[in-house]
Structure formats: structure tokens, C-alpha cells
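When the chains are written out, they are named A, B and C in that same order, and each has its own residue count from 1.
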Amino acid sequence: MKISKLKKKMGLIGTLVLLLAGVTGFCMAGELDVFAGEKGVLRISGGTAHIPVMKAVAQKIMTFNPEIQITIAGGGSGAGIKQVGEGLVDIGNSGRSATETEVTKYGLKMYKWAIDGVAAVTHPKNPVKALSTRQLQDIFSGKILSWKEVGGEDKSINVYTRDTASGTRSVFWEKALKESDITSKANVVVSNGAMKTAVNNDPYSIGYVSVGFIDEGVSPLTLDGIAPTMDAVKSGQYQVARGLFSNTKGEATGLAKKLIDYLLGPDGQAMAVEKGFIPVN
Amino acid sequence: MDVKKIPKFIFLGASLLSVGITLAILGFMVVLAYPIFSQGMFWDMLIQPWSPGQGLFGIGPMIVGTMSIALLAVGVSFPLCCGVACFVGVLHPRGKGKMLKGLVESMTAIPTVIYGFVGIFLLVPLVRGLFSQGSGMCILSAGMMLGVLISPTMILFFSQSFSLVPLGYLNAADALGATTAQKFFYIILPCAWKSMVSGLILSFGRAMGDTLIALMISGNAVGFPGSILDSARTLTAHIGLIIAADFDSIEFKTLFVCGICLYAMTGIGVILVRLLAGKGRG
Amino acid sequence: MQTRSWLWDSGFALFAWGCSLALVGVVFIILGFLVVKGFHTLTPTLIVGDTPFWEALLLKRQVFDGLFPAIVGTLCLILLAMVFALPLGLFTGIFLAEYASFRVKWVFSIVFDILAGIPSIVVGLFGFSVTLFLHHYFFAQLFPCLLISALSLAFLVLPYMIRTTQMALESLPLGVRMTAIGLGATKFQNIIYVLLPASISAIVSGIILSIGRCAEDTAVIMLTGAVATAGIPRSLFSSFEALPFYIYYISSQYADQSELMKGYGACLVLIFICMILFVLAHLIKTKVSQKLMYRS
């Protein structure tokens, strides 16, 4: 008698779970449904901070509808804006808003789908965990050459920076370094992923990376007492922040529009959160 | 229409197309860099530093970077290649030498990107640990890896030059009781030095033209390098890095200046080699 | 005097041995490092990721985390590049060996030496700028794609093809070259029916070396259409992935240790492919020398 009651309960719970799964599945499929019956190629390039989210979204869409091909390239925010403006790609991602000149020259339409911070990072083994803006400026401009001067070991500081096309770089330069110089002896890496790898491989390194990219491989530095956590960025306390934009030439149409809508919808936003960014919806 | 002449025209056409492509590559570079020529900035560009924020788009640091890395590579690999070529060509032409030659030939099949990959994960931490200054991504690391890259070509070239020495001379030397070292320094070297220099120039050209190793290992800093432990950028890596920039900007145009420089260096190298070979005939 | 020359001799031998051991050591360290780090990744998962093996191979389902798209991309590149480079190089080589006068040969061979010496990234830059130019003024639909990359690669291997064909034809013994002509054949018939078949092994080995060059080059495709994520190339005008580009990309931008391990695995796969091509070319070349030995 007791066993059959247990079985009944299990059966009920099981059905409920299945129903729930079915319903969510239905909902999720509903989000992707706009891509059913579509065909063609969608070209995306630009900001490297966007790539993990783009890749995840692309994988979902391409699994749902194998007739669609989505290609994703990096290149930095500058590249994304130029390429979409020249018509070489359908969506150009940028980690900074396009300037007035760029918008008028290319007729760009910007769609912001996440907020991200940029943090200075060092190797996890580095004892230095916090810096002031002044110290940061001096390190990046080459005035401070040894970790000893900021409370670390007696080793020379290896500065890593991004190329000039990078949105991450322009935000960091503008808001964290307050537009002071970056030494010409700094190693140049080409993307957020590359920055993370470089900092992770060099125990005496310092660099800067999108907050969404921070994991146990790099250790974020507290700037002027404020730690670059997702909450700090959300509340506006940590000011070195920027939006993640997807730009199109003119209003988005076709596959590009569907992708951007998906990004702005609940599924896309959930994915942004999963990858470490702050949703706008 | 002479039917017999048709094949000749087809083959001639193909050759002209091939020549045309070579010249077109240079032509395109010059045409696209034209705005820089017309503004008279070309020669300045070759010496100025790269600082887009201050409106300076000079590729001087890149030229210094390319030259230093290539020189280091050739400097490191030249003695090594001499030694191996002696082993293969002079000391042990059969047996051990043949095996080593086979190994060297198979080295030519290893892609550049593999050297770069191993460089990042093996050589860079080593250099960083050895010299406590610098990030390990520097001229030294890139130069060493590049030296390994160009070694097989140089070795094969040298051992070929050694084998071209007339057998009569070597036999005469043997008859007079010369030791291997004496044979090498007094007969082989004087006969083969011209083609050795050609091999050196061609390897230098190869070292200058390599992209991946420099891109992955040399650090790509924009300033003039001060020491071999400094990060540097080569012309080739510069092209790879800036290609994503705005197409109409001066930054992008500098790529074509880089291309022209590289093309010119290659051309000079080829002409030098030809001149050397020409002198050898007389 | 005896001791002095003995010293020189031993010093010389020591130097040669030392250099050789150093070189062998370096090669073994490089390859050994890759094998040690990457050997355990050599499973089908490396190639096809999470997708079932046969479905991926038969292109029924897309592969997201494996090397399969990159390998297919490389293969397509090789095929296309050889389609362009083979006839052009062959015909040019035939022209230089059979029809060209001494002056013309001299000038052309300088030009081709220059072509051979041009850094691969300059060729890539050329391909990219031509694409931009055409995109701006003529074909707004044209982007850096498989076709452009294949054409640029063809320019890169063209000098190899020309040189191999030319040398193969020129090194045929006089008897072979003159017999058919003596019997009344035209120059063209001579080339098609006698010379080419006789030198086919050398030419084929040249083709295989060019294929190896196409498989390993990164700089050219980096600028003309290779991207990090593209799946199997759908058409000539789509972006694609390629094995050497994948290795470059992973080396600087791996997200976690598993991706890095995939990079090691990819290195091993690439070396494997290149070595096979090399051994093949070598075997074909030795077949030639055996043939010649039997002849003489």
C-alpha cells in the first residue's frame, strides 16, 4: 500500500517535471522559432568581448536550423564598425558606442544588449590586489617599473595592452587611465581572450580585460577601493564600464534583425548573464 | 592561323600572366600607398615612430624590429648550420650524414605556426625565467625560434654548395695527406663561399618575411626596441595586426608602405644573389 | 705540427658533432613537447566534438567543438589553390624550359625568384586589397572568402610549381628529348607525349610539396577569409576555418585548459598531415632516381 503510494507520488512528480520541461522547451523553441525556415549566411565581426555570447547564440541557432550559417570573426570594436559600415559584414560588434562621425558616415544603427566593465588584471599569484588611479597611470605609462614600488615582489612589471582598434582599450584609456599615456614598450595583444591568456601565462604581468572574461586565471585589481564585480558595474559604482553594442548599417533587416531581437529577448539576455555580462532587459 | 603556334601562345600567355601577377602585387602596393607618396611622407615614414594618438604613423620601429629579429636568427643559425652542413657534407657523407640529412629535410615540412606555438608555451617562459627582466616575449625569443625555422633551408643549401666542389680538388688534397679540417678550410670553403653567401641572403630574406613567429612571440610593442629583451614588432606582424583597421585611414595605408619595404628587401636580396652567382661564372 | 693539425681536426669534428646534436636535440624537444602535451587529446572527440562521429563526417550535423570544420576548410583550400596554381605553373614551366630564349628565361627567372621570395603576408595583403577594391567598385557581394584565399595561396605556391616543372623538364637527358623530334613529332607532341610523362614523377613531387605549403600557410589565409568560427564552408564565397589558423587562434585566445589541449592536438594533426605529404613526395622522388638508374 505504502509502496504504491510512493510510486504514485513519483509518477506525479515525474509528469510535472516532464510537463515543465516540455513547457520551457516549448518556450525556448518559441524564441528560436523565428529562425525556422530561414536560410542564408550571417556575417558577424568586431568586438572580442562579444564573442563568447555570439558563439553560444550562433551554436543554438545553427543547431536549430542547419540551413543558417553564422560566421564570427574578431578584430576589435574599430574593425567591427568599419566592416559593417563598408558592407563587409552584416553585424559589427563594438564595445564602445560609435562616434558621431562614424554614425553619420556609415548610417549606423546601434543596438545595446549588455553592459560590461573593464578591469585591470594581474596574475593570480601576484600579491598586489589593489591600486590607485595614480599608480595605474604610472604603471601603464612606464614611470613605475617594478612591482616593489606598489607593494609586490622585486620584479619588473610587464605591461600588456590592446591594439588601437579595441573598444576595451579606448574605454580603459578614457575612464581608468584618464587618458594618460600607455608606454610604447607594452606588449600588444589582439583580443580579450588573448589578453587573458597573456596575463595568465606571465606571473609579473598587468593588463586589462572585459569583466565578463574574468575567471580564476586572472585576478582583477581593485581600483581606488572599488572592486570590479558585476554588482559594482551594475550599480554604477565601478565606473570603468561600457555597453556591448551590435551595429548594423541602417535598420537591421532579415537574419541580422532576428539575431539582435533574440539577443535582446529573455534567452539572449540569460546567455549574456551566463557569460558574465549585465543584461539591459 | 598557324596551328603549331597555338601551344606556344598558350604557354607564353601563362608565363606572362605569372609575371604579371608578380608585378601586379608591387603595383597594387604602390597605387594604394599613393596618398602617402603624394604627401611626401614616404621617407619620413621609414624613420618615424608609431604613435597614432599623436598623428605619427612611422614604421621605423617595425623596420628595426624586422632587421634585429632577422639578424639574430641568421646569427644564431649560421654557425649551427655550418656545423651540421660539415657533418652531412664533409665528415660523414654516407650513413650517419644521410640520416641527419633526412631529418633536416623532414624539418622543412614543419609549419611555422607549430614553431610559434611551441615558442609561446616552451621558449617564452624559459626566457622570462632566465633573464628576470621582461615578459619573455622579445627579440631574443623570436630570433631564436626563427633561427630554428630557417636552419633546414640553410643546411641543405650549404651542404649542396659543399658537394659542388670539384671532386678532383678533394682527391688531390687526400693524395697530399690533408686532414678533413684542412680540406674544409683550404679547399671547400674557398670554392663554396659564394654560394654559401647566397644561401645566407636567401635565409635572411626568409627570416625577414616570416609572420607567424614574430606575431606570436615577439610581443608586438609599438616602440623602438632598446635591447634584445625588449618587445618588438616586425613589418610582417604589423600588417597582420593593423589589417582590421579602417580602410581609408593613414594607418591602413602604412600597411602598403610595409608591403613595399618587404617587396623591396626581397628584390634586393634576389638581385644580390644573382650578382654573386654571376661573378662565380667568371 | 702533427699535434696541431690533429687538434684542428678534432676541433672541427667536435664542432660538427656538437652542432648536429644540438639541432637534433632542438627538433626532438619541439616535437616531443607537443607529443607529450597533446597525445592524450588524439581521440575522435578532438575532431568532431560532441557530435556523433558518422553524422559529422556525412555532414548531417554541424560540429562546434572539433577540428572537423578546420580540416575540411584546409582540404578545400588545398584543392582550390591547386586548381589555379597547377595549370598556370605547369604551362609557365613548360614555356621556360622549352620555348623561351636565353634572355627571356633570364629575365623571367629573376621575376619568379622575386615572387618566390615575397613574404606570404604581403601576398595576403594583396589578396585583401584586391578584394576591397573589387567590393567597392564592382561586386558589392564580394567579401574575403574561400575563393580569394585559394587564389592568394595559388600565387604563393606558383613559383614552386614553375621551378619544379622547369627543372624537371630541363634535367631530362638529351636522348629522351630529341628522339621524338628526330622521328618527326612537333614540339607540342614531344612535350605532351614524351617529356611530360618522363618527368611526371618530379612534377608530381613538386605538386605534393606545393600542397604541403598550402596546408601549412597561415599568414595568407589570415587576411583573406579564415575566421575562428565558421563551420563547414558552404560555398566558394563563404568564410571558412583552417587548421593552421585554428592553432594560431587558440594559442593566443584559449578560454580554458581544454581548449589549449585541443590546440596541442591540432598541432599534432597538422604535423601529421604535413609529414605524410612530405614522405609521399620523397617516395615519388626516389622512384624517379630509381627509374633513371635502371635506364642508365
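Definition applied: a contact is a pair of C-beta atoms (placed from the backbone, for glycine too) under 8 Å apart; a residue touches a chain by one contact, two chains touch by 3 or more.
Keep in mind that what you see is a predicted model, and the values were worked out from it rather than measured.
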| item | value |
| --- | --- |
| Touch-based graph of the chains, sorted into line, ring, star, complete or other | complete |
| Most extensive contact between chains (C-beta pair count) | B-C |
| Chain at maximum distance from subunit B, centres defined as averaged CA atoms | A |
| Chain centre separation (subunit A, subunit C; CA means) in Å | 37 |
| Computed distance of Cα centres, subunit B from subunit A, in Å | 39 |
| Centre-to-centre distance between subunit C and subunit B (centres being mean Cα positions), rounded to whole Å | 18 |
| Per-residue multi-chain contacts in subunit A, two or more chains | 86, 189-190 |
| Residue numbers of subunit B (touch at least two other chains) | 120, 247 |
| Of all residues in subunit C, the ones touching two or more other chains | 252 |
| Touch list for subunit A against partner subunit B, complex | 75-76, 78-79, 82, 86, 155-156, 158, 160, 163-165, 183-190, 201-202, 204-205 |
| Residue ranges of subunit B in contact with subunit A within the complex | 49-52, 61, 120, 124-125, 128, 132-137, 219-224, 226, 230-231, 233, 241-242, 244-247, 251 |
| Contact footprint of subunit C on subunit A as seen in their complex | 41, 43, 45, 48, 51-52, 55, 58-59, 62-63, 66, 69-74, 86-89, 189-191, 193-194, 196-198, 215, 217 |
| Sites on subunit C touched by subunit B in the complex | 5-6, 8-9, 11-13, 15-20, 22-24, 26-27, 29-30, 33-34, 37, 87-89, 91-92, 94-96, 98-100, 108, 110-115, 117-126, 128-130, 132, 155, 158, 162, 186-188, 191, 212, 215-219, 222-223, 244, 247-248, 251-252, 263, 267, 270-271, 274-275, 277-279, 282 |
| Complex contacts: residues of subunit C adjacent to subunit A | 61-62, 64, 135-136, 140, 143-144, 227-231, 234, 238-239, 252-256 |
